[in-house]
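Pasting the structures here.
Presented sequentially are two complexes of chain A, the first with chain B as partner and the second with chain C.
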Partner chain A sequence: MRNQANPWLTGNLFVLVLGMLPAIVLIGALLYFTAWAFAFSFTDLALVGRKSVEWSWVGLENFERLFTRRGFLESLWTTVIFVFFSAIVGQSVLGFLLAATLRGTQSTIRSVVEVCIMLGWLLPDIVAAFLWSATTSQTGLINQLIVVPLGFRPINFINEYALPIVTVANIWKGTAWSYLLFSAALDSVSREVVEAAKVDGATPFQRIWLVQLPIIRPHIATNMLFITIWTFTYFPLIFAMTGGGPGRQTETLAVFLYNQSFARGNLGFGSAISVAMLAIVGVLSLFYLRLLREPK
Partner chain B sequence: MDNTGPSRLTAIALAFMAVIWVSPFSWLILNAFNPLSTGQLEIPKAFGFDNFGLAVSGNAGRQFINSLIIAAGTATLSVVVGISAAYPLSRLRIPGRNALLWTLVLLRMLPSAGVLVPLYFAAQRSGLLNQLGVIIALTILNLPFTLLLLKNFFDTVPIELEEAAYVEGASLLQIVTKIVLPMSRAGIAVVWFFSFTGAWNEFLLPLIFARVQDAFPMSVGLYAAFGQQGAINYGFLTAFSILYAAPAIGVYFLLRRNMNTGFAGVGVKG
Partner chain C sequence: MADVTLKRVHKSYGSLEVIHGVDLDIKSGEFVVFVGPSGCGKSTLLRMIAGLEPISGGDISIGGRVVNDVPSPQRGIAMVFQSYALYPHMSVYENMAFGLKLQKTPKEEVDQRVREAARILQIDPYLDRMPKALSGGQRQRVAIGRAIVRNPKVFLFDEPLSNLDASLRAQTRVEIAKLHDTLDATMIYVTHDQVEAMTLADRIVVLNAGVIEQVGTPLELYRNPVNTFVAGFIASQRMNFIPVAPESGGLRLPGNRLLALTGTDVTKVRTIGARPEHMELASAETAHLSGTLAVIEQFGEYALAYVELPDGETVTVKLDGAPELELHQQMHIGLPEGQVHLFDEAGRAIR
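Right after this comes the complex of A and B.
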C-alpha cells in the first residue's frame, strides 16, 4: 500500500528496475559460480593436464576422500582450535573487556588505545604476516627483549610454536572489529539501567555479567557469527606466515583448500572441500542465528 | 565515579597494552628509515629515505598504481551498482527481500577460494585475467554485503522528506541526488571505505588472476618479494610495507567519524 502513496516511485518503476539490473546480473553471476563450485565437487576436474579438459563425473568420490584420506579431518581440527582460541576466546573476550574498560576512562587514553588496536586491523594481511614473522624470528623483538635477557637461547617461534603464533597474530589483527562492535553495543545500553543496578548494590562484575551482557546478547551473537565465519575461512595471514607448515601444523581448511586446488591442481577435490566448509559454516550460522532470535 | 586508585591502575594497564600492541611496528620503522638495513632489530646507525625512494620507483611504483586502480575501481563500481539497486530495494515492497539479502550475505561467507575456481574459468574464457577482471570479480563478491548495508542506510532516510520534495515538483533523479544520497552520505562513505580496503588488501584473487609481474598489486608483489630465496632487501621491503599500509590507514582516519555511525548499522539491523 505504501507504494501507491509514493507516486515518484510507482511512476518510475521502469527506471528503478533498470537501476537494479546491474546488481541482478552480478548477483546472478555469483549464484551461477556458486552452483558451478557445487557441480565441480562431483568431478575430477584438474587445473592443468588432461583432466582439465576431459574431466568426468565421479559421484561422491571426492567427499569419500575427505574422510578416508589424511588431511581434511586434521585440517578441520586445526581450524577449530584456531577459530576457538583466536576468534572466540581472543578477539571476542579481549574486545569486550577493552570496550567495557575504555568506557570508563578519559577520552585521551581511549583514543590512544583505540588507534593502537585499529592499526593492527587496518594493516593489510600480508604486511601483518611479514611483521609477525619478523617479530617472532630468532633475532626478532620477542627474543631480543624477553627471551635473551632472561638468559635463554633465542627461540625460533614460527618453527616451534607455529599454531600459537598465528593465533596470537590473528588476535592482534582482529580484536579491533569486536571492540568496535561491542563499543557500539554498550553505548546502546541505557545509563539508567546500569545506575539502578549500582544503587541496588551490584558490584562492577555483577553489573557487567547480569545487566549489560544480557542486554547486548544480540550483538554478541552477531559478533560471534561474523568473526567465527571470517576466521574459519581466513586465508592470507596464515598462508603468508607459514604456508600451512611446518609440516601441516597450521594447515587450516582455507590453506588446505588452496593447496589442494591451486598448488596440487585437484580442482574437483578442492571444490568438495569448499562445499564441506560451506556446510559447516551454514550449521554454525544457524546455531548463532537461533541464539540471536531467542527471547531473553 | 570510581576512586582514583583503580582507575589509575586501569590507565597504566591500558597504556602497557597499547605499547605491546604497537611494539611489532618498531622493527618495521627502524628498518624502513635505515638505508643500511639488514633486517635485524637494531637502532639504525644511519637515517634516510633511500628505501622509500626504491619503494616508489620501477616495479614497486607500478604495483602501487595497480593496487590503487583495483581498490578505487572496485569501491566505486560496488557503490554505484549498490546504490542503484539498494534504493529500489529499500523503497519498493519486494516480498522476501530481507531474507534474500541475508541469504546472499551468508552465501558470500563461503570461502572465496571456493568460488574462485569457477571465477577463474569464467575470467579465462572471457579474457578477463587482468585488472578489470579482478575489479569485476571483487565487486561480485562484495555486492551482497554492500547491498545489505546501503539498504539499511536508505531505510533510515524518512520517506516524508521525499514526499514533500515530490509535492514540490522534484523528479525521481532530484529526490535521489538531492535528498537520499546527501542524507546517507556517512553510510556511503563507510561502504566505499570497506570495499576500498577490502580490495586494497585482497591477496588471493590477484594472486591467481595476475599472471605477469607488471599486473601484480602490492599485496602479491610484497608476498613474492618476501618469499624470495637469497638476498632479501629488508630496507626496501619495510619501506614498501609502510607505503602499502598507509592508504588504508589514512582513509580510515579521514572517515573515522563516519565509520563509528556506520558501525552501529552493521551489527544490529536484520
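Right after this comes the complex of A and C.
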C-alpha cells in the first residue's frame, strides 16, 4: 500500500532498503552466530591443527556421536538434576517462600534479608565460585568451624559431594531473582481478595495455596521459563568451582560443550552439542508458554 | 441474627490514634450505616468488627460474645468488599462455594445453598462464568451471594456501591434494602454517600476523625443534627450556615435585619443553619436576607438558586418547579420559624 502523503519515499526501493539497513545488520548479526553453529555442526572443524583449515562436511556424524559416545547423555542427566534441584526446587520454591513470608513482616527484617539475598546475586560468579570452593574444601571454613570441633575427620565436601555443593551454591546465587519476581507478583494480588479468603475461613496455608498461587500462575510460568533457560546454559560458577569434576560428576552440558570445543578443540562436535541444547531449551520453553495461557 | 456491641473501642497505629473510643449498640436485625468523610475511620471500624484489623483497646461483642481475639471466620460475619474481591481464578459457582467447601460442608448442601443464593440474586445464568466475564453490577451480586451462602449473623458492607455507575447504584441500593427485608439479618454498611445512608439505614452513625458525632434514625439526624458537622453532612443539599450576632429579642443577620426569636436564650448563638429546601422567597419588606442571584441550576422538578449576600456569603435556596429568574436579579429570602437550627461558637446545636 502506498503512502499517499509521501509517494516518493514509499516508491523508492533504494531509500527503503537504506532505511532498513540498521535493522538488517542487527538481525543479520543475531542470525550469523546461530547459523554458524548450525552449519559447522555438520563438519569436523577443529580449533587447531589441520582440520582447522581443511575441514570437511561429515553429515550427521556429530549428532550420532551425541548418542553413541559417552558424555552427552550423562551430561544431559547431570544438567537435568542440576536444573531441577537448583532452579526449580531451590530458587523457585525458596524464593516464593521467602517472598510469601516476608510480605507481612516489618520493614527492617525484610530489608536485611533482601540485602543478604541480593548480595549473592550481585557478587561476580568467579568470586562466588572461589568463596564456595574455599569454604567447602578440606581445610575450609565448614570443616574448621563445624566438622573438626565436633570430633570428626575433615571432609573434602567439594570433592565428595560435588554436585550437591554446586547445586546449593547456585541456589544461594540465584534465589534473589525468583524472590524479587514473586514479591512483585504477590503485591499484584489484591489485598481485599486475600482478606475475603480470610473471612471465608481459609488458613494462611490455604490462602497461599488456593488463592494467591493460582492467581500468580502466569508469573510462576514466566519465572520458570527464565530460570530454566538460564540454569540450563549456566557455565561460570560450575566451571570455576569444579571444572566439571571430579571425574565428570558436575559436567553439565555447558561445561561439556566448553570442554569438547575448547579443551579438546572439536568445534564441529561442540556445535552439534550447542544445537542440541538449543532444541532442548526450545521444547522446554514451549511447555512453559502453554502454562502461561489462561485457563478457559 | 445477632446484635453487635462496641465498648470504648480504640485503634491506633503506633502513636497515631485513629479511632478514639467508640461506643455503639447495634440491635439484632438492624441496618446500621457508618457514614463520614474519607479518613474518618469508618472502614477501619468495620474491619475491626470483621476481625481483619486488630483492636488496640475496648471490646467488640457479636451475639453477646466478646470476639476481640476470635478470628474472622468464627465471628459469624460475612463481608462484601468495595472491589468485590472475587477470586479471579474461580467461576461464579466456585467463588460462592469456596467458604462452604473450606468448612467441609457436604456437597449437596453446598450446591443447594449456592443455587438458593443465586436464585435470590438472579445470577443463576452466570454460575459457570469467570468473574472477568461479568459486568460490575453482576460481580457485585456475586460478592453479595458469596456473603449470603455463608448464612452469617452479621453482614458487613464496605462501600459496596462506589464502583458502580449512578443508575446501577440506585438500582442496587433498592435491592440491598429488599435483601435486608428478606434475610432479616443484622447489616453494617459503610459509605461516604449520604444518600445511601439516608435511604438504607435504620440508624445512621456519623463519624468524623475517629469519633462518633451522632447516632440516630435518618429523620432524627435530618431534623435535629447535634452539631454543624452532622447538619452539613446529612441531606443531599448542604445546609446553609449564616453567621449571626445575638441581640435582645433575636439574632442580627448579615444585611442588618433581625431574626426575631422568642422563648429561646440566644446569647450563645453564633451561627444559624437553614436547609435550602426550607428557605423561601419573600417580599422585600418581610425578607430576612437579601442578595443577588449568582448562579441558578435548573433541574426541572426543582431549581437551586445560589444567592450572594452583601457580605460575600452565598446561600443556596431550593425552589419548586422551574422558576423564571434572571441572573444578578435581587432576591429576598425568608427564614420560616421552626426550621432554623441554632449553633454555638463550637458548632454545637442549641435547642
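Heads up, the rule we're going with is that the second predicted complex is superposed on the first by the 270 of 296 C-alpha atoms of A that agree within 3 Å, B and C clash if a C-alpha of one lies under 4 Å from a C-alpha of the other, contacts with A are read in each partner's own complex, and residues count from 1 in each chain.
Here is the rule we go by: a residue touches a chain if its C-beta (ideal position, glycine included) is under 8 Å from a C-beta of that chain, and two chains touch if they have at least 3 such contacts.
Since we're looking at a predicted model, the values are computed, not measured.
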| item | value |
| --- | --- |
| Combined model on chain A: chain C and chain B, fit or clash | fit |
| Touching partner for A:Thr222 - first (chain B), second (chain C), both, neither | first |
| First (chain B), second (chain C), both or neither touched by A:Gln206 | second |
| Partner chain(s) touched by A:Pro214 [first = chain B, second = chain C, both, neither] | second |
| Chain C, chain A and chain B - angle at the middle CA centre, rounded to the nearest 10 degrees | 80 |
| Touched partner set for A:Val275, first chain B, second chain C, both or neither | first |
| Chain B versus chain C, judged by how many residues of chain A each one touches | B |
| Touched partner set for A:Glu195, first chain B, second chain C, both or neither | second |
| First (chain B), second (chain C), both or neither touched by A:Ala29 | first |
| Contacts of A:Leu267 with chain B and chain C, given as first, second, both or neither | first |
| Distance of closest approach, chain C and chain B, by C-alpha atoms in Å | 6 |
| Contacts on chain A seen with chain B and repeated with chain C across the two complexes | none |
| Chain A partner contacts - residues on chain B that touch it in the complex | 2, 7, 10-11, 14-15, 17-18, 21-28, 39-41, 81-82, 84-85, 87-89, 91-93, 104, 106-119, 121-122, 139-141, 143-144, 147, 159, 162-163, 166, 170-172, 175, 197, 200-201, 203-204, 208, 218-219, 222-223, 226, 237, 241, 244-245, 248-249, 252, 260, 263-264, 266-268, 270 |
| Complex interface listing, chain A residues touching chain B | 2-3, 5-9, 11-13, 15-17, 19-20, 22-24, 26-27, 29-34, 36-37, 40, 45, 101-102, 104-106, 109, 112-113, 116-120, 122-127, 130-132, 134-135, 139-141, 144, 172, 180-181, 184-185, 187-188, 218-219, 222-223, 229-230, 233, 235-236, 240, 253-254, 257-258, 261-262, 267, 270-271, 273-275, 277-278, 281-282, 285, 292 |
| Chain C-touching residues of chain A, taken from the complex the two chains share | 190, 192-193, 195-202, 206, 210-211, 214-215, 217, 295 |
| Residue ranges of chain C touching chain A (in the complex, touch as defined) | 50-52, 72-73, 77-79, 81-83, 85-89, 98-99, 102-103, 146, 150 |
